[in-house]
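Next up, some structures in structure tokens.
Shared between the two complexes below is chain A, which pairs with chain B and chain C, respectively.
Showing the complex of A and B:
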């Protein structure tokens, strides 16, 4: 049996033993102490689902927990529901509440994180006010003593213990599942750079709402069980600020970006608090928790688990890098520029308040073409890219890709229709390795494979794209070999990984797979941008000044790479100031000036046009 | 529906109560808007100041204005010390929120340990005095508070707008790197601003001691309202904070008169949600 199987067996045994522990009829003290551990593990793990993974810090976990408490308390005492039947409602109502709060605050573009924290905190007070002033509580508190508890275990404390344990295992299981799924990958990307995540095809709004609702539902269910544990329920005791304080502390201390970090933090802090509460110094305990939280954020910002992982990784430095992907030798498909229009921009207008960045641009880009987009600074080039990729909504006009209107779609849907982009200043996901960055793009990229032969290019084994093989890119016999790749959703993780490794090799980043973006130089970061864009298998690739800041050798390298990308079948629109590259690469050049299309045509002709020269250099030079 | 006189009185006391919201919001708005630090401990500092005014007043019979003269500079020093910590560890917005949240809890515990969780009331002769204008009563203290808040808001706004220091601060908030390249010593200014924010908490605390009943848990009572005020008034704009404070105060008071007093917290929250849904450009 390998280590993996062994740990799995260990987990099953542990769950079994812990689950049936109350059978041993230990003194009630053990049941209730362990119940409290499970309670905090569940709450902090559920909090981390959104706040730890996606970085939206909720200070309102008490609200969701408290709604769960009151759902169970009211349904059992006022409506005579059996206790267990209330738990699904105790989970559902907070989830709905979370969806409501999320729908308001997640759509904002600015200050999302801060407003989210404050809004969740104020929701807590508002809900407490409502419950206090309505018959839900009415101010007198609710006694639970008359509510019958099902006899799942020999003792009542044992039953509550078991329910707490089940919720604890469930929340850990959910957290594990999320971390190992597309959802988790998307949430981690949102944490690092939400706009880029959206542009890479992550449905950010939906993912945040799912994570928030899951998080609130678990907190609500935990609250439902806790109502029985507490016995007497008051508003001030339920909507206490200690809940968000402890939950945040436990998760941050343990490591909020890991699925079991919060559990470790929760177990440690619960034991610590217990020492104080049993000593009758609950207030001091709160203050000490506050001090620990400050210290943890200042000195251990990533938490305990990641710190240990890093330390272990350092000790295992010698491990070999992952094997280079098995990729067939270069078989580039040259696709002649067809007459079909892939990108059709009509009257595209973008205003920022009074400033008109784009004033009605009309532009057609044909399939297989490389279009250079030039113009003086502030002429609207990057805005055009931002509008086509969906980062900005259009003020008016239309943008069609393959005849389908995409002008006002959310960016992730545009990405899934085969539009990928790079950023002028590289914006990698900083907490993800190079490989993870590219895997994310491959996972969330275009939904159907493009009709071109993607993925059959070369890996340059010498670690650069200087290989001669690209010069063989013009063998027309290969171009006709089209095949449809399987639908992307059906691909296995290892297939996606192989693809990602392929694009890392293609862009000459082989050997850097496990590096974090911070360890890359500018040139490598630019190529990581390209690798991510390519991994999405775009039909239309928007490159925003990929060459700026590179030295002449690196520019040659990049030009060769762009040619190779076109040879793979993509249509490319690139913004560039470096005229040498524009002339060498483009089939046509579009000149923008003051938000309008100024000139369009073959590169050499356009660049010699005196009108174009004049907008760059002023009238005197044009004469 | 209550009578016109009652509504008018509610409007007046609401606007006056809004002055306190505005005063509390100003310090927060400055540090959030110009330093990119969200200071949840602002409320706890205000209450610390209030308790100190109460303590000096009841046990040592120090006039509240003299206490304020002592406490406000002390608060300034606390603000500077707090910023030293943020600066040393290069704390970002979210981390500042968590750290100041912890500060607030620690202060709350400290207050509770010293002054207990009981309600405390600082009785002064000012509390009962009021002007009479037609059928309406205007409490002197609330009016003073509003005038002080107005003067501070106006003064701070002019300072940010017209002086070199103010302009430099706003430039540094936009882009610290570029501002530094033009010779703006952002760090020094940030200490100054952080101190000023805390000093405002001291001033607000003095009035809280005179107007309100004190209890440690009350620290959190203003949180939802005041943050709504900060956001509605636009970050970094003291005048906006004051106006938003008056607006929220008035709407709360009207809601209390028309519905029931206990529903007041829901008002500011609803206004905030409405604004967030509207998502105007100036937000």
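Showing the complex of A and C:
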């Protein structure tokens, strides 16, 4: 049995042993203490699903937990429901509440970050006020001593323990499943850069809603069980601020981006809170707990689990890498520029309040061509890229790709129709490795058939030397990660990974697979942008000043790479200020000025046009 | 002879001195110091968290009472050891710690925690293990459904009926008895419970209630509420407040140039309201104050003095013994009487003894044979006079020379 199998067997045995622990008739305190550990593990893990994974920092977890508490309290005491029958409702109502809140706030870009935290906190206050001022509670509290508890275990405490344990296992199972799925990958991308995630094909709104609903449902179910544990429910006790604060603290301490991190944090903090319970040392104990937590956060800013993972990764790197299979290179698929129009822009207008950035642009891009898009600053080049890629919705006009209107589609749907883009200032997912960045693009990229072929091709190597074949020499940990990559419809995880490795090699980043973007220089980050765009197998590639900031040798290197990309069959629109590159690369050049198409034609002819020279170049590029 | 006489005289003097010494030492000699294995009494208090400030009073009272009990004969001749844990003001922690006390620490007896929610959480545990639990701070007697739970504070079984009538009786003695009453209350369960009772009883006795308002516990902004109170301009203001809420409300009323004609406050922080200029003539609920006739109750003077010393040492802002601390004193007095009276540490016997007997406590005689094991109600009214709280009602328990003053 390999290590993976052993760990699975260990998990099954641990679940079995812990599940039947109350049968051992230990003193009830141990059942209770472990229940409270499970309670906090479930709550902190559920918080991490949205806030840790997607970075939407919520201070409103008490709202969902509290709704669950009151669902169970009211249904059992006022309507006579059996306790267990209330739990599905205790989970469902908070999930619906989260969907309702999320459906509004997730659409608004300005409600990210601290505003989202404050908004969720205010949701807690609103819910608490409603419950306090209606017969749901009314202010007198709900006493549940008369509610019968099912005899799932020999003792009532054992039954509560078992329910807490089931929810804990379910929470961890859900978190594990999310992390190892497309959903998890999308959420991590949202965490790092939501706009880029959307542009790479991640359905951000849907994913956030799913994560929010899952998070709220778990919190609600946990609340339902906890109502029985506490016995006397009050609004002030249920919706107190310490619930979200503890949950945040536990998740951050353990590692909020890890499926298991919040559990570690929750177990550690719960144990610490019980370490100093003696009446003589209560205050000193609290102070010691505070100091320990501050120290842990200072020393382990990303949390305990990520720190351990990093340490293990360093140990692994010390061992020689095993033999790695050679990745199949790309087959050149050079096709002549066809007459078929791939991108058709008609009357594209974009206004920002009183400012008109695009004033009715008409532009056709033919399949297989490279179109250079130039113009003075503020002429609308990047806005056009943003409109075509879906970052901005059109004010009026139309944008069609292959005859299909995409002008007002969400960015992720445009990406899935084969439109990929890069950013002038690279915007990698900073907490993902190079490989994970590219895998994400490969996972969420174009859904339909691609012009890209496998089999052989050219590779950019260090120093810009072209070679005909390459292998993907990479860190052994890449092999470990392989089995954790999510499967995409129609392609296995390892196929996606191999494609990603191929594009990493294609852009000359082989050997950097496990590096975080912060460890790359500007040149490499630009190429990572390209690798991500290529991994999406685009039909139309939008390059936004991909050459800016590069030195002459790097520019030459990049020009060769763009040609190699076109050789795979992609159609390219690139915004560029470097005229040498524009002339060398472009089949045609379009000049924008004041949001309108000013000139269009062969590069050298356009560059000689005195009108273009006067508005933009200042002098003729080529005599 | 002279010598003999002198010798006789010396013997008489010596005998007299020895006799005198023996007489002085007699109580100590007759009272055997407790010995043997300690009787372990477990309990939690909210020593940290939002209830910590009030729980500290209970802790000091407990320390005094354990010294008192051990200075007498302990429990069944054995010394008392108090196993005190911190429930962090959280009912769920209180529950787990009572399970720890009973199933892991295996204490002989338990004492109740502070505040309604932790008490109810602990009561469920006590019930599962059949432990007697005496508590002093649960303001809603009907929730005490466990037959071995006993109250140390004389709320009576229906304080929402009895206490409003104490207030209405006192109001009736005013030169111009109030005909209307504004009732304002925190939505804290025990305060709201009393407010609803006050409203019902006032209306029953023909006092109009033109305004009944509830606010969230811990509210800090009383501006809008004050405006409505001023507008209602009733003869009497009844406030179901906790902590500093009364101070904040009176300050908000002052900003509107409105002084309520007569005002009553349920559970305010005693010190800040007494010393505030707004608090002058404020009425409040109590069970006991450090004045006569209460100071003449057995042990009260000594306990009050010890409390003052310990509270000052602990830097408490109001180091005078009050009803909160006396509740804990009564808890220990009841436990001591019940264990020694039953002659047993068995909970069943202790509970049976309590149901059949009366106990002398700092609050007076307590009985436990009424509904929810509650006995007679003994809630009083105190009033701020010259920046001090003085019991003013009923008249027979008023501090010497002090009368209820209508505004």
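Quick note on the criterion: the second predicted complex is superposed on the first by the 542 of 623 C-alpha atoms of A that agree within 3 Å, B and C clash if a C-alpha of one lies under 4 Å from a C-alpha of the other, contacts with A are read in each partner's own complex, and residues count from 1 in each chain.
To be clear about the criterion, contacts are C-beta pairs under 8 Å (C-beta built on N, C-alpha and C of every residue); 3 or more make two chains touch, one makes a residue touch a chain.
Because the structure is predicted, anything quoted here is derived from the model rather than measured.
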Partner chain in contact with A:273 - chain B first, chain C second, else both or neither: second
Touched partner set for A:130, first chain B, second chain C, both or neither: first
First (chain B), second (chain C), both or neither touched by A:366: neither
Partner chain(s) touched by A:297 [first = chain B, second = chain C, both, neither]: first
First, second, both or neither for A:29, with chain B first and chain C second: second
Which superposed partner A:107 touches (first chain B, second chain C, both, neither): first
Which of chain B and chain C A:353 touches, first, second, both or neither: first
Chain B versus chain C as contact partner of A:248, first or second or both or neither: first
Contacts of A:156 with chain B and chain C, given as first, second, both or neither: second
Shared chain A surface residues [contacts with chain B and with chain C]: 129, 132-133, 236, 283, 286
Chain A - residues contacting chain B, complex: 55, 57, 59, 104-105, 107-108, 110-111, 113-115, 117-119, 121-123, 125-126, 129-130, 132-133, 236, 241, 245, 248, 252, 283-284, 286-287, 289-291, 293-294, 297-298, 301, 353
Contact footprint of chain C on chain A as seen in their complex: 27-33, 35-36, 39, 129, 132-133, 139-141, 143, 145, 155-157, 226, 229-232, 234-237, 273, 276-280, 282-283, 285-286
Chain A contact footprint on chain C (complex, rising order): 45, 47-48, 59, 82, 84-86, 88, 90-93, 95-97, 99-100, 102-104, 116-117, 120-121, 123-125, 128, 143, 145, 187-189, 192-193, 214, 216-218
Sites on chain B touched by chain A in the complex: 32, 38, 85, 89, 91, 93-95, 97-99, 101-103, 105-106, 109-110, 112-113, 217, 220, 223-224, 227-228, 231, 235, 260, 262-263, 265-266, 269, 272-273, 276-277, 279, 281, 283
